[in-house]
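These are the structures, in structure tokens.
Below are two complexes that have chain A in common, paired first with chain B and then with chain C.
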Partner chain A sequence: MADKRLTRRECLTRGAGAVLAAGAAAVGGYLLYDPEGDAGLLKLSDSNARLNNYFAEVDFPASNPRVSIATGDERRIEQMVRAAVGGLDPSLGIKRFVVKDDVVLIKPNVGFDRPPYLGATTHPEVLRAVIRLCKEAGARKIIITDNPIESPRACFAKSGIRQVAEAEGAIIVLPERGRFETLTFRDREPDWRKGEALGRWPILYEPLAEATKVIGVAPIKDHNLCSASMNLKNWYGLLGGRRNLFHQVIHNIVSDLALMMSPTLVIADATRVMMRNGPTGGRVTDVIPGGKLGRAAVIASVDPVACDAWCYQHLLGRDPAKLAYLKLAHEKIQDRIAAGHRRFGQFSWKIYERQGLIVTTSV
Partner chain B sequence: MATFFAREYMRPAEAIGNTEKVLGGFILFIVAAVVAAFVFQVATDRDYLFEVDRQAYTPLPPIEATSPFPAPGLEGWRAPEQVDRFTAETLYVKIDGRAEAYLKFHVVGLTFGRYCHESDTGRTVDVYWYDMGTPSNALGMYKSEEALGAAPVAIGRAGRQVGGAVFFRKSSSYVQVLPSSLAEADARAALSIAERLAERIKE
Partner chain C sequence: MSFTHSEKERPRAAHFRDSWRNWTRITTVRVIVQTVMFGLFLAFVFLTTFANLDRLPGLRCWVSKMLEIDPLVAVAAAITTHTIYKGLLWSLIILIPTLFLGRFFCNWICPYGTLHQFVGWLFRGAGTEDGARQDSCTSGTFRPPRGADATAGGAPAVTELLQRHPNRYRRYQHVKYYILVAMLVAAAFGTLQIGLLDPICLFYRSMTGVVVPALNMPAPSLLGDYRFHQGAWLIGFLLFGLVAMNLVYPRFFCRVLCPLGALLGLLSRFAWWRIERDPNKCNNCGRCLLHCEAACDPHARLRKAECFVCFNCIEDCPEGALRFALFPAKEHEVTGPDAARRKFIFAGVTGLLFYPFARSSGRVTRDFSSKLIRPPGAVEELEFLERCIKCDQCIRVCPTNAIQPDWFESGLEGLWSPVLNFRMGHCQLHCTACGQVCPTGAIQRISVEEKLGLGEYAERGPIKLGTAHIDMGRCLPHGKNIPCVVCEEVCPTSPKAIYGERVIRTARDGRQIELTIPKVDIDRCIGCGICERECPVVGDRRAIYVTAEGETRSRDYPERDRNRSVRPCK
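Right, the complex of A and B next:
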């Protein structure tokens, strides 16, 4: 039998091969290692998204009304919307806010899988009228978006919002994963004791980044946690993540949202006001056209805080002084205005009334 | 000693004891008997292997019986094809902002189903079936949301109908049956569904 003992050369060659194989395996393992595991699948982009001031480019005369109320018959919703928006600027109307080639994002409340008659979502006819106004003003693109916790497709369909948007040529942007970005609202942890809630949080950013103008169209509703869901609370629908965590500090988060979002215009849908069992309702007797006003109404405003205060008092019949998020929103926005930001955020609608900046129209 | 394959046994034949030979022969006999029995069974009674034991077989219940929601009892409507269940912890997914009102009354869970009209998918009747844990919790929640001026209906306990929607409680359940419109036909469907659902809930 031949002598098969290993030579020195073979020993070195095989040893080097083994070391190379082990090294390649280690490098491969390192490259393939996923330190986050499944948690990485849920991670949103680590961006530094910032929101525009969508009111900044509106050349709004100081003497123009800040809150415009249109009341009328429930069957004349489009006329009410036109009258309310027109009341803010009798000469230009919607063209004061939307100009040719604007990309307008309209944010209705589509939070629940409920039919329109229950008043849990924005009335589709109010939305239709707003879309038409934007088209008449020359908007290049009109986006409709919201982030309901329930199935977005079901909510958009059941509320009638999808049908109206499609019929009027607007584009519905559903809250899909890739459309969220992490917004840095504060560079530090929020201090809940100081009325803060938002630090860094995912928001439905893609449509907001594309938009040049933003219009909120919110129904007026009783709310189990924060007493009322109106224009300011409507921005809650832009938040992603486990936003129910904010329920513990609901007034902080609503006031933070008021600060975060500076819209071009807000339109309160009071065609039917949910007076109790909100925000979901369920009984037709929970809703009343115009609420305490006794007549269907649409309110347009460039000041979401004042508009909410007015609606809270006149539609829900409650005292705005007792609504914590209104006061907080006012304080936060006033600080921002003092720092040079162009926007409105007046807690007391009575100040506007004394200045003649609230107008009412009946259609 | 050479073997069949020209290998050698480990031990010579003289070294194998009688007991070992008897046991080896017995094992070979058992193996041969098992093989013979198997071949005999397969060759003579193959169907026997595939025959269903009728005594042990219990037919699966129809789908309707496994769903918590009964058949609508109205022509043109079909029972929910999907049933969504929510616990107290996940209730916010369905009724965000309202869930806390139910949590105050110690809600255990929500079962949701949607009845659909066969020819018009836009026509639906939604059923929110809350398990409140105890009859007193169900009563408390029911009363807290009670509608003013609702018409009484003989469904469950203190059944009410308002604007076509039916609300009732029974045992620890609190049920809301909501049609998608105020049309009279949808109100009738809601009433029929509520009646059948109430029958299914045991006191």
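Right, the complex of A and C next:
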């Protein structure tokens, strides 16, 4: 073996192999060279995605009622939902808001692992009625989503939302990794002293990007920190990340949510109003059907701020003038309207009442 | 069984007959049974999630079935608790046939054994020195391994070849009996440690701790949510290490370490049937060793306690000298493990010493860890250590990932037993899934009513896992004059156990500010830990945290000096 002579062919192939490998190493090193040392670091996604104004395409006459209340018996939830939505537009009803081939995102409050009768989550029958209305209007796809505090699967199951969605053919989108995207809500860092909270923040964007219309369906609840969780607070369930940091500036964040989300329609579920121990509740005695109204109710509105003010006064029996986030939301939305956005955001429901924009139906 | 060229040219009918014979061979049937059992095991593992059990309540009695048929779990738990808990009676369907047929479980049922056999088969093929050596054993071209002195010219004697074969019986195989004896003696004192090495517990734990989370990394939501488990690296390392051993020592775990195999080996002493060699037909070719799974010496006196009843030797014997015989001659076998009695005594002493050594640390009595929060329905700690087999089914099923494999919080004994970590998740109010899947009753099968103290349990009150405490220096309103109280918001009891105290404080700049300061009502707190999980003050310790103090399960054991600093709820 030792005296075997190296052939020319073998010399060339072996030599070339080493040269090629050395060359590849040099080229690879050059290509991957990072003189600043930061090319390989994680970068925040530079997404320019913005949330749509889901109200922009609704041709809503200015003279139509903006808050529509339907009261009735607890067993007639579907009729109440129909009457409440019908009150906003007697001629077209839901078709004013949802048109054929729309993808509708319905955002109930599924925040906790609680059965429906405790009022901590949206009543599944209210959701069922809303899904049916959307289907009747010709919606191509109906998505239900929320980012609960507790285990999403358990919350959707226990609240009865999953069962209703499956029975009615709506699609549940669970808040899983990869469905969130960091969006820019302010180009600069939010100034907490000026009532701001959101700058860049991850939200449950995947279903929102697909949707053409967004309907919020929120239960009316007492809240330990911001006094009440209603239509505006419901959008909190779209936030991802360590959103519990915002509790230090709770009124900033709730009013920023009013700015962030321009829904097609909001529907307040006052079939069971949680009067105390909110937002979790836990006892049957914590909830009263219709709250201070004394009768179960469903309220539909195109103005989430005014709707919240109305609900705060009539359902929880508290003074909306003292609810800081309503005032902040009103101011923020006025800025938007001045910038040409199609929005409603009236802090005082009394103004609407004077203009005859609040209607009440009894079922 | 490779087909040679000439076989392909045979008439169609003969070919068909041969392939039919292949399918009806007992080893083929065995492989099918093993595959089905392995598939069932995987199915049970993947189905053990809160969502599945919620949707299909009938699954509850199935997902832990592999653990329930495990005779070692039943026997050891019967030693510690003097009872057979619910489904553990199923172990008789393995135990009784073993008394007649031998250790068939190891090569027919055991999914962990199947894993080892499969990996060994996959990586121990031709092309390696080992594989070549195995093949050459019978063809006369055998080369002795390095280090052995090769006799110049002429093949070594067959007996010498057989001495060196990797499937020969080796003395290390005693070790598993010592492990078993040590563990059972320890069990007699009330510390159940079989779960550390019981193959079913070990495999379930490995699946929960590392395999399923690893599969979830690239495909979230396919198998449930993304999971984290403290100390998972060791669980993974153990799985990998034991499986990798097959490359150097075939079925190392099954032959050398497995305490369940040891128990079944002892039980097979009375078996009516076993592999029997006819010395008149046998020509000492040694082919029977080629695929012997158990290293039980089918070419000589059969080691009855070792044999897995895999039937490979019968299949491989060209002379038809081997058969599965009823009541064969006693002198052709080595009946029991031929381990020295003194070593058994030594193993017993090891188990006996383990108890005082482990308990002397005081970890389960005086110096209990306040972090040792057990799942809802868990029995008192001393009983818990008698029952928990560390299979980690509860960890797999927990919907919030709160239940974690313990990392020495309860001392040496509790390694990998379930403990709640509220930085990972919280105990969901209307969930009792962990108790539903627990095969040994370490976590009792409680209802939601019992957990929450509703209905007939109203008088006794809810099950309390521990008590929340506020770190006043870290808490934003308490220590920093910043409004927060997320803890109050998420507190699930009614009335809330965390309540706000309205105070007026003077800020640094002299302004009067109104703050809500959170306080814990220890009579209401159930220790669910959602406050700890949601607290915005992250870091090594949240501003509110739960400790085991006041837990319901040790309420009736004040003499054990555990958890008395906070009065238990009524």
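Basically, the second predicted complex is superposed on the first by the 317 of 363 C-alpha atoms of A that agree within 3 Å, B and C clash if a C-alpha of one lies under 4 Å from a C-alpha of the other, contacts with A are read in each partner's own complex, and residues count from 1 in each chain.
Definition applied: contacts are C-beta pairs under 8 Å (C-beta built on N, C-alpha and C of every residue); 3 or more make two chains touch, one makes a residue touch a chain.
These numbers come from a predicted model, not from an experiment.
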item	value
Simultaneous placement of chain C and chain B on chain A, clash or fit	clash
Partner chain in contact with A:Lys158 - chain B first, chain C second, else both or neither	both
First, second, both or neither for A:Leu225, with chain B first and chain C second	both
First, second, both or neither for A:Arg177, with chain B first and chain C second	second
Touched partner set for A:Tyr117, first chain B, second chain C, both or neither	first
First (chain B), second (chain C), both or neither touched by A:Trp192	neither
Contacts of A:Gly282 with chain B and chain C, given as first, second, both or neither	both
Partner chain in contact with A:Gln248 - chain B first, chain C second, else both or neither	second
Partner contacting more residues of chain A (chain B vs chain C)	C
Segment of chain C intruding into chain B (one of 185-193, 221-229 or 239-247)	185-193
Interface residues of chain A shared between complexes with chain B and chain C	112-115, 149-150, 158, 223-225, 244, 247, 277, 279-280, 282-283, 286
Chain C residues touching chain A - in the complex, by the definition given at the top	50-51, 54-55, 220-221, 225-226, 399-400, 425-426, 428-431, 476, 482-486, 488-496, 500, 516, 530, 534-536, 538
Touching residues on chain A, where the partner in the complex is chain C	112-115, 149-151, 153-154, 157-158, 174, 176-178, 223-225, 242, 244-245, 247-250, 277, 279-283, 286
Contact footprint of chain A on chain B as seen in their complex	92-98, 100-101, 124, 126, 128, 145, 147-150, 162-165, 167, 176, 178, 180-182
Chain A - residues contacting chain B, complex	111-115, 117-118, 149-150, 158, 223-225, 229, 244, 247, 277-280, 282-286
